[in-house]
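Each of the next two complexes has chain A plus one more chain, namely chain B in the first and chain C in the second.
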Partner chain A sequence: MTAVAEPTNDTSQIPAPEGSVTITVKILRFNPEIDNEPHWESYDVPALPTDRVLNLLMNIKSYADGTLSFRRSCAHGICGSDAMQINGINRLACKVLVKDLLAKEGKQTTVTVAPIKGLPTMKDLYVDMEPFFEAFRAVKPYLIAYGNEPTGERYQSAADRERFDDTTKCILCACCTSSCPVYWADGSYFGPAAIVNAHRFIFDSRDEAAEERLDILNDTEGVWRCRTTFNCTDACPRGIQVTKAIQEVKRALLFKRT
Partner chain B sequence: MTEVERHNYDVVVIGAGGAGLRAVIEARQRGLSVAVVCKSLFGKAHTVMAEGGCAASMGNANSHDNWQVHFRDTMRGGKFLNNWRMAELHAKEAPDRVWELETYGALFDRTADGRISQRNFGGHTYPRLAHVGDRTGLELIRTMQQKIVSLQQEDFTSYGDYEAKLKVFAECTVTELVKEDGRIAGAFGYWRESGRFVLFETPAVVLATGGIGKSFKVTSNSWEYTGDGHALALRAGAGLINMEFVQFHPTGMVWPPSVKGILVTEGVRGDGGVLKNAEGERFMFRYIPDVFKGQYADSEEEADRWYTDQEGNRRTPDLLPRDEVARAINTEVKEGRGSQHGGMFLDIASRLPTEEIRKRLPSMYHQFRELADVDITAEPMEVGPTCHYVMGGIEVDPDTAASAVPGLFAAGECSGGMHGSNRLGGNSLSDLLVFGRRAGLGAAEYVESLDARPSVSDADVTAAAKHALAPFGGPDDGGSEENPYTLHTELQQTMNELVGIIRKADEIEKAIDKLAEIRARIGRVTVEGNRQYNPGWHLAVDLRNMLLVSECVARAALRRTESRGGHTRDDFPQLDAQWRNRLLVCAATGDQPVPAVDVEVKEQLPMRGDLLELFELSELEKYYTEDELAGHPERTA
Partner chain C sequence: MSESLTLDKPRSPRRPAARRNNFELYSWAFMRISGLALVILVLGHLFIMNILDGGVHRINFAFVAGRWSSPFWQFWDLAMLWLAQLHGGNGLRTIIDDYARKDTTRFWLKMLLYVAMAVILVLGTLVIFTFDPNITA
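Let's turn to the complex of A and B:
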């Protein structure tokens, strides 16, 4: 994006607590009813080093522009609603601290905030998540077991449970999928998050439909599209070894099905 | 006529948290068509934030556990004000609901022999909380979300349409319940994205909208918790009970300011963490109230032995019910023994090896490292009370979850009675499953019993649309405009400071005056922009609900002249047996956009004999009046 002089907005109503510094937040704004394409707007806001980017956005919305739109819910990294590109990297706004973004002493700090890529932007930082959830649903993300309904709990050893623990941590925030260059180029690729959610069942000792899911992922839009760039693993706010999970699915396809 | 998108369903569930999703699954499995409407994206509901676990007396960790023990613990936790029938159903059915969740595919931590593991929690006699590390709520929601996907895929096979019987309306807010001849006929709302109106024509609505925490400044609750279901039910003619009882979780983060209020799971204490004041004292031993004397350890040595030997020792007072711990922390801070940022210290670092802490409490480890720069395996956490849960809610029939309004059902946090004056940790997730299922069942049976469906009048739709759009109009008299965020901040400040953890008559009265002022100003709220994804407008709509429920909390708090559970009156510090069986019922009067609130006293049905006999007479004497116990078998024998 080329730098154009963007209009500066009135942020004088935002309370400036003791110890705060002024930083510039550049937000890629888009209102489909007015704009033909997204444009950057700048807001000079007071920020504490311990503030999170989400706090800055809330202040802009509350005191400078009530129409600024973004998703957020739990505000501490569990619901996975506020994925966005912060300084070009996919992050949850509620988990990025200002102190980690501050420029070297004496220099003005600028933080850029844009919607995640690869999903259609609906307004400001809101993207259409439906294609993402569609891919999630396509991998049969639920336990499939045949035979009689159990009357109580199934037993599962600690080791069996541990086998897929990592991929159960997924919060469906889309940080991984929207950081994947293959997904950017072609939205019909399932994307890492869907594969993570398939992995969660393929390696669950209680599940009996691994073959069905592996078939789905063996498709032309499946795991073989992954180029192992590790963007997904870097982007995951839950620390899931996403690329490793994808590799495990590939390996299951290679060795179980020959 | 108002332009509105219309849908027709047998049952409409409002809210996609644990209770809502369980109701959806039940109604759909009974063959009905179901819509679930939620303000957030599907799968992001507030339930995901529940950390510690789901209480159910499966007896996996201690075989002495059974429903009777769980029932007793729940009644004690709620100081005997609970609806005993709800507490009974809950204790009896919780194990089945957990096992059922496991068959849906939920992940659980396991015992050495592969059964569902259970952990200790405040107020529970035995280790009782089924859990997945400290992300149990997330797993519960994800599991039911997965179950719903599987039901939709079944429907695709049967009908060629994924949404033939079950559709999710995500990012959609309901602003009005519509009735015909006193019965539910529909629900009216708007898509948050487009601002366009949507009407659900349905004979049955299940409210599962959660709590009211966003009326308080320091809260562990998310933005969704604006009391929508409470307000919708009141305005539709249902009553709210127990609104004075608001739970302040003892351990919220206190620093840095941007994360103040975020929850620190009780699992930290369940797994061995202890509370200390600035002098390093484990102060909870000084705060065991009379009603719990004898049930908790009175020395550090006994408390520490209890973690490994529960038969020969009593539990640590760090695990008293939440209301007791929150008050204790409040007192310690007030008396000058607080931490640097006005909290207490919660120490797990000196109690468990680093690896064990990271394994059992991974979310807490990351939360403190990322947000507060604190390594909980090396240093204590600073914690303090945070508004966490409202015990009060819609008065419902315990068995069917039906409210007083035909066709209106409620489950989960927005319903009232189950937890009495204070909820035990872990009893919320089990509540969601037990009563979510019962609400789905109750709604299905109600719909099946109807001869004819009610219909929605055009006049009601027009009125609902006008009500929703009011904030775009600005003040009628052309006077000064109000910013919804400013009003919200003032409301939160008022409730936090004047109707918070410790209350007094004059402060509550001050709060009621302030709420009246906010009520006068709320009509002047003006939002910019248009209806598409307009957060200012959304807040203006939610603000009316927050004001209405805040009035209920304040007015009920003023009426109850005693201290019990989540209601502490500085001017009436004692538990008063005369109040034990009295409910305060809030009802709406008048037809203003935010109606006035009326509070009435109502007696509860006395507890059934066989349940009463589960308690020692000597324990009942601490809570009951002499008259109430006159007919007790031990007294008459």
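Let's turn to the complex of A and C:
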């Protein structure tokens, strides 16, 4: 059998501003109406070092292939829509700069982009997030307080607020959960993101349902399935110390301290 | 059938309610503690059996019989047997939970594991306690 060159995609329509270099973007494409399984497609895209990977994808979609599908909303690292595997690492496409991906001088740069793992791919780069949100909802990520409603605000000291400050930063992009090998192997595990959002309320002095959430996370699919591989901490685009939060929940369960 | 049910209440919780038992917590804590104990027990065992005066070449029936005449070594070996079996068995249980794709595979792999663990534990304990140094070869 003769080697067949990968079909090249026509990207000549993409505008090349001054100072741009051509880099190859390899995208794991999948169209459920045509393909049986995902396949790689390459696009030669002019890129400025200050471009983000999201710009490259937008250019491919606008000028080369309008069927390329991915989620993006705010494009500023806040909404958490465009989580994808960039060069094998879960990242937000809107927060990765091309200059950080450039190969050594004189070598062709290749950037691989694939959907996040562990959640069913629906088309190209977007996945079904429902299993992820189901785990999120299951830890009751909202304030639960009993007794009479206060007439004013629920006050909290600065130190009490600081206790769970790190886990309030979560934007539910699923970078952590879809980088977790335990979650890949068995999707019934709650996953790091759900535990982070439980942590945010367990350690909140105004919340009164810490026991309830700890019971949920003490179950078979809860925190004890965590193997502390730190993939989640590495993946988090907000820099949340995810593994530390999980360990704090474990400690609270072991010593009943919240 | 199941699809119409899902559509009926798309946001209803799909997980069973928390069972409120501490089994996973205790097995997690057991892994840490038994791991530490096994480091001492197994490395000590290897050192005595393989390195200390003459090492592996002095091991014979009389040597084992001599060791097991002391309750201290009986207890050492018994602790090593039970901790290693439960530690390894629990580790395999979590691996089966992680990687078995179907509930039936998961169930039968676990049954195989538990039966193997039980056989080895019973057999090992029996040998340590009923060992007869005057057995005729």
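Please note the rule applied: the second predicted complex is superposed on the first by the 251 of 258 C-alpha atoms of A that agree within 3 Å, B and C clash if a C-alpha of one lies under 4 Å from a C-alpha of the other, contacts with A are read in each partner's own complex, and residues count from 1 in each chain.
Operating definition for what follows: contacts are C-beta pairs under 8 Å (C-beta built on N, C-alpha and C of every residue); 3 or more make two chains touch, one makes a residue touch a chain.
Please read all numbers here as calculations on a predicted model, not as lab measurements.
Put chain B and chain C next to each other and count what each touches on chain A; the higher total goes to B. By the touch criterion defined above, A:137 reaches both chain B and chain C. Of the two partner chains placed by superposition, only chain C is touched by A:219; chain B is not.
Legend: residue contacts after superposition of the two complexes on their common chain; A:72 is shown touching chain B, with no touch to chain C. Applying the stated contact rule after C-alpha superposition, one finds that A:172 touches chain B and leaves chain C untouched.
In the superposed model, A:187 makes contact with neither chain B nor chain C. In the superposition on chain A, A:38 contacts neither chain B nor chain C. In the overlay built on the shared chain, the residue A:46 is in contact with neither chain B nor chain C.
When the two complexes are superposed on chain A, the residues of chain A that touch both chain B and chain C are 137. Across the complex, chain B meets chain A through its residues 40-46, 48-49, 58, 98-99, 102-105, 107-110, 112-116, 132, 135, 138-139, 142, 146-147, 149-150, 152-153, 193, 222-224, 256-259, 262, 363, 366-367, 370-372, 483-485, 527-530, 532-536. Looking at the complex, you find that chain C touches chain A at residues 11, 13-15, 18-20, 22, 24-25, 27-29, 94, 97-99. Contact residues of chain A toward chain B in the complex are 17, 31-33, 48, 50-52, 55, 61-63, 65-69, 71-81, 95, 97, 122-124, 126, 129, 133, 137, 140-145, 149-150, 152-158, 161, 164-165, 168-169, 171-172, 201, 204, 206-207, 239. Residues of chain A that touch chain C in their complex: 134, 137-138, 182, 185-186, 215-216, 218-222, 224-225, 250, 253-254.
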